[in-house]
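Two complexes follow with subunit A in common, the first pairing it with subunit B and the second with subunit C.
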Partner chain A sequence: MVEHYLTAFAAIFHPQNLLALTLGGLWGLMAGALPGISTSMGVVLLLPFTYAMSPLTAFTILVAAYCGGITGGSITSILFGIPGEPSSVPTVIEGHSLAKQGRAAYALWVFLLCSIGGGLFSVFVMMAATPIIANFALRFGPPEYFALTMLGLSVVSGLSGGSVLKGLISCMLGIFLATIGTDGITGLERFTFGTTILLGGISFITAMVGLLAVSEIFIEAEEPFKEYKGSANYRGMKEEMPKFSEFKENWPTLTKSPIIGTIVGALPGAGATIAAFLAYGEAARTSKHPEKFGNGAVEGLMAAESANNASTGGSMTILLSLGIPGSNTTAMLIAAFMIHGLQPGPLLLTQRPDIIYGIFVAMLMANVFLLGLTIVGIRMFLQLNRLPYSVFSAAIMILCVIGAFGLNNNMDDLYLMLAFGLIGYYMRKYGFPIAPAVLALVLGDLAELSLRRSLLLSLGDPLILVSRPLSAILLAAAVFSIVYPLFKKPKMLQGL
Partner chain B sequence: MKKDEIVANFVIIAFFVFMLYDSFKLHKIQRFGDVGSGFWPILALSAAIILSIALLISNLKKYQGRKKQPSGEASTSPAAEIDLKNRRKKFVLSAICLLGYILIMPYIGFILATIVYVFAFILALEERRNLVLALSPFLLTALIVIVFAKFIGMPLPRGVDFFAAFSRFIY
Partner chain C sequence: MRRATGVWVAVLGLLGWVAGFCGVAAAYPERAIEIIVPFGVGGGSDTAARAVAEGMKPLLKVPLVITNMPGGGGTKGMLHAAGQPADGYTVFAVTTSHLIDAVAPKTRANILRDFDPIMRIQWDTTAVIISGDSKFKTIQDLVEYGKKNPRFLKFAGTSPGGWSEIQTMAFFKKLGVDVTFVPFESGAEIKAAILGGHIHGACEELAETLPLVQAGKLKALAVIMEKRHPALPDVPATPELGVDYTQGLMRAWAVRKGTPPERTKYLHDVIKKALDVPVYKKFVQDNHLYARPGYLGPEETRKYWESEVKFFMDVLKSLGYVK
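Right after this comes the complex of A and B.
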């Protein structure tokens, strides 16, 4: 293992990968800081740049953008009171209150140090847990994989915000879309309607670009011009650096929040937003000064920021060890793995340790780099908010077109992208969450193949799915995660 | 609850029912233990139909409940209606611009199609500053071509005839 880490460090410290870390981090911070561009959109827009890169450089730039996106969302939250990401809403409540009190630089330091601390904690957990979980997952057979995908999809549908019913319909749509194309077992064409466009199935990237990015641009296009005003209270990061004693006073929050963030991040569909809200709620519940919450409570800011960044490591652990994406952004990373001919999951750790350990080190270094990049680049990100959204969205749309076209150099993919953009637009308009559809599209194929292989193994007996203990537990958990939110939604998650 | 949401529910159900009908044609068991190519889509689409009907019933109940209330949903103000129309117009124009971009790109090539698209798209988004309208299509296209065609070497569409010759001149 030590030699894998040494090789990975040597690879990441190659100038090309250091440049990828810097550019990915900057892009992620920018995407996170700009309202209208989510982290997942930032990552999907980077995909076309990675087509020609080596796999390690590609993942270095993508994970740096992922970590940067989660961090960057809080910059505009503190200074303008505009959450760059949904996970930054608690940061708006506390961080922007501090900024309004003339303590913007202080709030930025707290956010930055807690974000990086939370991110680093989760990376260490990821480094320790991934090999253990992957080793355990090597014993999984088709029934366990089927149960695992069902658990993933059910949690995504239940926790993706809004109505559970709409989440489940979105999930079923994704599962259906994953069946389009040639059947992997019988070779039969399904739902192609005689066209060649759909013969190879729907490409994840085309669908994701359409559902996530194009639909978001359509939604933003409807809005009138936005004028962002800078925070008058921000002068520079040099002022008001917090004292160590302030962190020492809040050690219970600083210990609990990254743990909450990492665990919640590992749950499919939960992600940074729920992690930040849960940690914030927990901090408010156990605080000695709950009356300060809502009026610039430093403890609340620390909790939310430690937890949302810690979710990245949790999400990546499940992706790298089991090959199950926990969020839209990790679903993009699955697509990136496939572009480079790799299949994420337990076998990848033994087949390509250079990639897995390289990703560990890249995430570690990304968090370290983000500290410097945020301090140096904060003024630049603030200036970007003054760019006219019309030009910016045109640039994003062109990147979407290049991303969808560049995969197969096929114009038909662009029509599919537009179709998915329209589907995504109407889904957003009518309150259907996009995440379940995207994750079901990615996991649907694995779920179907696992189910059919299980039934082939048992000669058609469906009891194989519940007769194996692990599979039975996972399926029971899947049923619970669908049924529970129908009857009781945790107070903290209401309205998400 | 708006009527259009209920209409959308019907459209969703009709889509899933149509696909379910199509998936029954796939349901052939070819070997012992195999459930066939149609099994999984039938399962997913049946679940989707049941869930969509449940959503429709829930929406209809909400709609009826609001209709019964005397104070009901207040009719939208003229200003709100104009805003809604404007929003729809901008969305439709954005989608048309993208469709046009995709349609003309194979014929006139990436460069010219992008210049036209950026100009039309930002105009559709109500950008009226002359400098932005005049410069951004060219600057943005130049930047994209330098990065993707020159630096990464991506084979972007070149167009046909004269346009292909023009594209080859640049990348």
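Right after this comes the complex of A and C.
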């Protein structure tokens, strides 16, 4: 094993692979940062260029683009409030709030250090324990997925800001939205009103861009000539360098989140988005300052960023050990394996250890390279923050439109985005928190499907949910996290 | 006066039509040809379409653009393609899902009524897969258990009411077994659920699961086709089980009905040539699509479609999805 790593490290320092790391990382950052291009699309667009490369170089550039995409999505999230990927929604909620307080540079520092930290953590776990993680992930069947989503939803009260009641209403809205479209179990249409616009359901990105970014532009447009809050008391990268003590204070979040990210990343059908939300919710639940969540809580940003980057390693473990893609983007990597005549699957590790260890090392180096690349890139982006808001918001609106349209080249998504912009506008106006709606939209679909799948498996017996140890533990944790605050802090119920 | 205008319009129109006809007849294709793939990037339909397009590119002077338009089990993209002009610049990537949709169309578009096939390109093979450490050794074991315990066998698939469910239910019905179909979102989730022992098995396209079968993590009990598959020579084919059932997933390309025949023919010839290009041949090899002929000419494809739609109508009726 050691000699495999040594050969892999020797190979990665070949100038051609170093170039691949740089180019792949830059391309990924760009694709992630542009709302119209998702990480997986970024990797697909890169694929044809890898035909002529040696397998290791090809995987190096693709893996760098993959890690870059997950990282890049957060830059637009913090600065513009547009989630480039669904996994960056918590980053939008906390990071963008910080940016609006003039602390964009600080939020970017935290994001950068946490994502690279999370990414590196998961790479080390992947190097040490690929088979263990993959086998653990296989123990998650439909009942466990359901319990996991319940655990995710149980933190709604923590994300509700002032009023728990309004938080719950917002959560219900999200769950309702998740039921729209073709039903995943029977294939029948629900709430589509005979139109085709809703046939495919509501895509997360469209809804999130509308609810989070467009609604904010509407709100700000009420006072168009006011100076942008973000530029009013803006401070630069140097002054905003976070202190070590700030990370030390939040060590529980910083250890839990990458672990959550790595494990959830290995679950096919869950991946980066659910990892980010679970870690974010967990941080909100255990926080000493839950009232800060939704208004720029650094812990929330740390949790989400370290978890969504850690999911990259998790998702690679199940791909490399079993040939099962844990996410959309790793599904693209399967195509890359085929192009180079390799069969991703359990035999690959014994047949071509050079490739597997090469990929491990490439991911490690990609995270290191991204640190440098992002610091350079951020400076450029930060200048945008000094624009007057009237100009800035027009640019954001253009990005939102491109993002929603570019998703499927479909006008329907644009109409939906604008509709969600309006919904978000009224929610903000009347003090309904948006985070629970988004959380419920993401988790609602998986929760419903996995519940119904569990019941199909047990032929209708609900005991399947509690008779399996893993699912019972997760469900108990969910119940605990709902009940516990009731006894701890009666004032959390003020809104009821 | 009015009448004179009418005549002028008619003459001008006729002239324009003739001119246009001559002009394009000489120049088709003169701009980019768009291929509408009604599924997401990276899926089976998408990679297949990209492989064919890769083979076509050197043969064409104009660019080929692949547009992914997922949603509604492939019907959203079909509706879009049905709304494009019938000029041969929009090609639609059809799969068996669209033939199933034709039984009870979800949208205003109907594959048989609104499209003309250019050709059938691929005809895939389904394998019946269970976990490698399952107690069932042969398909007979599975059938015996299934007959004794109706609905106890749980089989996973991807498209409820679509190809995956129909293939699974129709196959087991032929064997006289009543199984429970559990739909998942993707092949990846299904493989993980089988490996984790959460579900008994699945009827999946062979290439999807082959690496796991070869590694012994999964077991193939049967292949659904006329003869044994070269990639799995030890696995019995359906006729050996005494079952007359050889249905397989089909991929074809089509144009809007009313497209000038010479354009359809031009596309047909180019695609046919592209199927012999090494890039595409490698794709066929990698995806084990060589076991039975994929290509069918336009007329044969239409006949094949019509008989498939009739078959699916019967299955859907017996499953209670349509009355």
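We adopt the following convention: the second predicted complex is superposed on the first by the 271 of 496 C-alpha atoms of A that agree within 3 Å, B and C clash if a C-alpha of one lies under 4 Å from a C-alpha of the other, contacts with A are read in each partner's own complex, and residues count from 1 in each chain.
The definition used in the following text is that a contact is a pair of C-beta atoms (placed from the backbone, for glycine too) under 8 Å apart; a residue touches a chain by one contact, two chains touch by 3 or more.
Please read all numbers here as calculations on a predicted model, not as lab measurements.
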Tell me which partner A:L456 touches in the superposition: subunit B (first), subunit C (second), both or neither. both
Just to be sure I read the superposition right, which of the two partners does A:F176 touch: subunit B = first, subunit C = second, or both, or neither? first
Output check: A:I398 vs subunit B and subunit C. Expected answer is one of first, second, both, neither. What do you get? first
First (subunit B), second (subunit C), both or neither: which does A:Q351 touch? neither
First (subunit B), second (subunit C), both or neither: which does A:G200 touch? second
Contacts of A:M41 with subunit B and subunit C, given as first, second, both or neither: second
Going by the touch definition up top, name the partner, subunit B or subunit C, that contacts more of subunit A. B
Determine, under the contact definition given at the top, whether A:N295 touches first (subunit B), second (subunit C), both, or neither. neither
Touched partner set for A:I324, first subunit B, second subunit C, both or neither: second
Kindly classify A:T186 by the partners it touches after superposition: subunit B alone (first), subunit C alone (second), both, or neither? both
Residues on subunit A lying within both footprints (that of subunit B and that of subunit C): 48, 183, 185-186, 188, 409, 456-457, 459
Report the residues of subunit A in contact with subunit B in the complex, numbered from low to high. 48-49, 51-52, 163, 165-166, 168-169, 172-173, 175-176, 179, 183, 185-186, 188, 190-191, 214, 217-218, 221-225, 388-391, 393-395, 397-399, 401-402, 405-406, 409, 411, 414-415, 418, 421-422, 425-426, 430, 444, 447-448, 451-452, 455-460
Please name which positions on subunit B make contact with subunit A in the complex. 5, 8, 12, 16, 19, 22-23, 26, 28, 30, 32-41, 44-45, 47-48, 51-52, 54-55, 58, 87-88, 90-91, 94-95, 98-99, 101-102, 105-106, 114, 117-118, 121-122, 124-127, 129, 132, 136, 140, 144, 147-148, 152-157
Hey, which residues of subunit A end up touching subunit C in the complex? 40-41, 44, 48, 137-142, 182-189, 196, 199-201, 267-269, 318, 322-326, 328, 331-332, 335, 338, 343-347, 408-410, 449, 453, 456-457, 459
Note which residues of subunit C are touching subunit A in the complex, please. 40-42, 47, 54, 67-73, 75-76, 79-80, 106-107, 151-152, 154, 159-162, 165, 180, 182-186, 188-189, 191-193, 195-199, 210-212, 214-215, 217, 286
